[in-house]
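This report concerns only the one structure given below.
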Amino acid sequence: MRPSKRAPDELRPVTLERGVSRYAEGSCLVSFGNTRVLCTASLEERGPGWLRGSGKGWVTAEYSMLPRATHERTRREVTSGKPSGRTQEIQRLIGRSLRAVVDLQAIGERQIVLDCDVIQADGGTRTASVTGAWVALHECFTWMQSRSIISVNPLRDHVAAVSCGIHAGTPVLDLDYAEDSGAETDANFVITGKGGLVEVQGTAEGKPFSEAELMALLALAKGGIATLVDLQKAAVAPR
Amino acid sequence: MRPSKRAPDELRPVTLERGVSRYAEGSCLVSFGNTRVLCTASLEERGPGWLRGSGKGWVTAEYSMLPRATHERTRREVTSGKPSGRTQEIQRLIGRSLRAVVDLQAIGERQIVLDCDVIQADGGTRTASVTGAWVALHECFTWMQSRSIISVNPLRDHVAAVSCGIHAGTPVLDLDYAEDSGAETDANFVITGKGGLVEVQGTAEGKPFSEAELMALLALAKGGIATLVDLQKAAVAPR
Amino acid sequence: MRPSKRAPDELRPVTLERGVSRYAEGSCLVSFGNTRVLCTASLEERGPGWLRGSGKGWVTAEYSMLPRATHERTRREVTSGKPSGRTQEIQRLIGRSLRAVVDLQAIGERQIVLDCDVIQADGGTRTASVTGAWVALHECFTWMQSRSIISVNPLRDHVAAVSCGIHAGTPVLDLDYAEDSGAETDANFVITGKGGLVEVQGTAEGKPFSEAELMALLALAKGGIATLVDLQKAAVAPR
Amino acid sequence: MRPSKRAPDELRPVTLERGVSRYAEGSCLVSFGNTRVLCTASLEERGPGWLRGSGKGWVTAEYSMLPRATHERTRREVTSGKPSGRTQEIQRLIGRSLRAVVDLQAIGERQIVLDCDVIQADGGTRTASVTGAWVALHECFTWMQSRSIISVNPLRDHVAAVSCGIHAGTPVLDLDYAEDSGAETDANFVITGKGGLVEVQGTAEGKPFSEAELMALLALAKGGIATLVDLQKAAVAPR
Amino acid sequence: MRPSKRAPDELRPVTLERGVSRYAEGSCLVSFGNTRVLCTASLEERGPGWLRGSGKGWVTAEYSMLPRATHERTRREVTSGKPSGRTQEIQRLIGRSLRAVVDLQAIGERQIVLDCDVIQADGGTRTASVTGAWVALHECFTWMQSRSIISVNPLRDHVAAVSCGIHAGTPVLDLDYAEDSGAETDANFVITGKGGLVEVQGTAEGKPFSEAELMALLALAKGGIATLVDLQKAAVAPR
Amino acid sequence: MRPSKRAPDELRPVTLERGVSRYAEGSCLVSFGNTRVLCTASLEERGPGWLRGSGKGWVTAEYSMLPRATHERTRREVTSGKPSGRTQEIQRLIGRSLRAVVDLQAIGERQIVLDCDVIQADGGTRTASVTGAWVALHECFTWMQSRSIISVNPLRDHVAAVSCGIHAGTPVLDLDYAEDSGAETDANFVITGKGGLVEVQGTAEGKPFSEAELMALLALAKGGIATLVDLQKAAVAPR
């Protein structure tokens, strides 16, 4: 039995609430159980210098946690003078994941910045961020279309993410913090709506895992992500 | 007529919602109109080194804005390597204001960190932070009492804050962003429940102001803060 | 009786010596008793980027203390990698105060940097800085006029500053370090030659202060600043 | 045909030369074709503070590139004030990979620092680093045993790493720089001598990859790593 | 003829005024012509950690220039986040020079910090700093003796410094800024009262110099330093 | 007898191996006994901004040590956020030394960066760097000539460097680490092929040195550098 009492292939309750920010061009408050991340998409007419003349746009991400998102207060990174390695690793993952389903040509020489700010952290903040950022980005592109900034929606597919792990010998889906701390293997999967793999990251904590275990985790992830994609569809449906 | 259509002495709709964080010892989501700040109070058993042996505790504050709290996205301070002068000025103000009503002796050699994170910014974020931080701090002290960490509540009084300004020649209460941008004089007041002044900060933007104008702003602030203190009382009332 | 034996409304001996720097366009060594600040005004033909095309100039300030200006040696800020919050707060105050009496249009797209370096610190370094910086700025504008860089003097009025406080229950003018350490309330006032208020900053140290006390401090400040303005006039008189 | 003319499952010429540093407790100069990394293992009797009292040791890694390891000179990270996100991601990967095969208990409260300095970079520097660091670590543990600092060798298994990718539709082993730049999918595998998976990191560059492709890459990696482990065995054999 | 009209072996007017700081244990305002440096000596009962248990003390130096010490305003180093290479080179030189004549044993486990702040810079600021710092240090040791903190004066000799250079083919003593800019070779000498060499630093600017030229510069320096030592003696004579 | 058993005027075995880097325009691996430095010369078509329009080029240097170049592992400077004062002092010395023999006009508005990375450190790393950097620079200029980027070789002369010191009362040439630690006086000399002095830096460690000692050290250095120049000639001879 997993600590959360969930079935091995059971997601936590997931909600995706769009339009939560008054000023951002797109936004989504995503919850995976007690994990809550505020994702905003900001259109910047001026992207980074190297975009100029390329005819292409860019999608990038920044990630941060509020100091008291965690059980014990975490020191703000600003006071240590730089984002930690973990923060940078996560924001590169989010950016790469979203760019995998965006037609960069179709957004012109502009940049969309996806800010993922963790309000409450109970495991899986990076996968919740990817999942919610897709909704914020969709809303941003809709906003741009409604103002004729772009003519077609540059999103080519859905993309969502989920963590899996081996807990007490059993492969389980969507680890919360308590489960993650006790997992022998931890894996994150980013998968598109059509089932294409965008990122597979499996890490042994302690003892190595087998090929069969990797396959079992991947199977769980595919199931979970199909559900997440359905929730994204509902979240962006016209109201 | 002020841009917000409010009467000169009219506050924006203010809400103070406590208990919004699952992990923090105290928390409050405060709204002044479209301005929204998440305040958390974190108990740290180990305060800064200089407390040791003093028999006293400390209350300090940190302040930050989410990048897309604002109309245009603001760059995260972590990427510039240090909190800006404005940020530091605000967090010192919040800390000083709350300490003015706390019996530091009564909390023992512990530290309470008040994190004020601006989710949405429409003017008056520092005054909303002071007002909401009091509620978070109250909840934290109640939590500590319920666990017998302290025996009496170290709060000696309420404290709240509000901004005032002279807009188109008229002294007005609680400026929103549009009003603040156009104000000739900008003043922040931090006042206790008993009406004692904790901070008075008046600044001329452009042309100097007169003693009579300072008095008019102070009168407005006293009225507004009396209302805010009533809202604090309601927010911390047992449920 | 105040520690300094001065009457409640008595300034320390104040001197304003201009022309003390061989290279700066304007300079003033200001003393308030044992507090000594070297103020220089430097003309920079190229202001910050955002000035370009505005037709306006800018006046900004930097503030620093020599390490042994103080009773105990203070660590240089360069070794901590950034100016402290206190330093930034003070330099913003000095810049704002001087800009309040300058016609920015009249100086063209140039910048004047006011450097206020504290040689010796015995309380009131920020108010001494504002008072002395005015003299340095005046000398700089005179220098610019003499070279036909500008045609009219952009200074519209005097501006000076002084601290006040409540010491042992009595409102007193121009606190030295010993008095400041023991004051219950500390207030800084920046006031123009015509008596207009530019900045009012009152802070309770410990217990709140009343409206009547604020008024008493303001009255003291107005008296002190009238004297300081007379000293400025003498300092900039042609020799 | 791949740019390097190699067969899809063919490694570049790999050499592992141990004992190359006069001062380090263990060292290995590893080459994968033109990629050359100097790995040293340094024993530190005092590990990080959090080790104290745990009875366990620690293995950590640092990674850097000489500025002219690359085709175009790369700016030193010291002048940007912090290691880049990429650098931190790589050094975390190296540390985790080696710890997966070390009995931390057996090394006592000490730390081994693995420095991986890239002398020349032609793709696969992180996988070469893991592979060479194992040899340096082995030499360090042998040195410690010969001085009776430890009684048993804390290494429980070999660990090595290799990159794979899909190039022009074909899964290929051990990408050099030219192949890596043109690859559609890029994956790094860290695998033990017994075939256990330690890290699996697959990333789509552009279009997503399928489960079958992931399996093909994993099969290639297992073959390559078996060869690398044989080379490690030869490198650490008594001379 | 040198730009300054001085004879080749002629120092600028040099003054050494001690006791200029109200708070420092020792101080000296040194002028070499228009170059003016404020030197203070601060006794710190707690030296750096590595002193503890050594039975020895330490003398260290810090050097800085006020922004408008120079013809054009110089940016403060605090805003670039670190002391420049030049600043660090100079403060290491000053510290080494003074330590060469101090009996570190005789000062116990304490540290003296010599702060050399350049008020006005017209060439030779580092040599003026060494010369003035000796006077400040002497005053500090006298202060310590008068309070019985130490029993004997730890200064074993005088030490002073001067720059020399080859200007228009002629070796000259004590370069001012204009001469320094045009010199072909620039050399700094630190020499004790007894004539021992502590530092010799000769640098060709453009074309190399000969052994004979080095000797000529050294001869000039010895003459100049004999005069400086006489001035130091006068400066520290009891008043 | 010196610790290294060498005669007082005997260099360590010195080797200069050019062409060791696959990518750099020039390179040299230099050894002075156990000291080993990898020097590369990188041509940058875009030099620093201030070169533009000057018609001149620039030669600059960067210096670093691998962490385990030393007996005890040294912390990477990147983790302290800036190059140390010592590092900056050395890289300025290398740059100045090489520029002394380069016709900057002849290289056009380009920059050559000399990277000197210490692989193993046994004393004299800065002098080995200067000596090896000359070979790397020569190879870079030859490369530029062979591609008709420049028409004449901008090198006007050789330049090499060596350390000397007074060990147990005897002046000795080319100190290794053990000798350097015990030397009373330490001096570095940079001298051209024609015998011109470029840099003379003598420092007393502890007690001052005499003029006669300085002369003796200089004589040793001239002999050593003549040998080093012969080795440079052999190293750059056509193969």
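Should a chain be cited, it is by its letter among A, B, C, D, E and F, assigned in written order, with residues numbered from 1 in that chain.
As a working rule, a residue touches a chain if its C-beta (ideal position, glycine included) is under 8 Å from a C-beta of that chain, and two chains touch if they have at least 3 such contacts.
Protein identities per chain, from UniProt: A, B, C, D, E, F = Ribonuclease PH.
Nothing here was measured: the structure is a model prediction, and the numbers come from that model.
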Trace the shortest sequence of touching chains from chain A to chain E and report its length in steps. 3
Touching chain D and chain E alike are F
Give the label of the chain whose average Cα location is farthest from that of chain E. A
Averaging C-alpha coordinates per chain, one finds the centres of chain C and chain F separated by a number of Å equal to 51
Rounded Å distance between chain C and chain D, as computed from the means of their C-alpha atoms: 60
Which parts of chain C, given as residue numbers and ranges, touch two or more other chains? 81-83
Round the ring, from chain A on through chain D, what is the full list of chains in order? A, D, F, E, C, B
Could you list, by residue number, the parts of chain C that touch chain E in their complex? 21-24, 27, 34, 38, 40, 42, 44, 62, 64, 66-71, 73, 76-79, 81-83, 113, 115, 117, 119-120, 122
Chain F to chain E touching residues, read off their complex: 81-85, 88-89, 91-92, 96, 100, 187, 191-192, 194, 196-204, 206-211, 213-214, 218
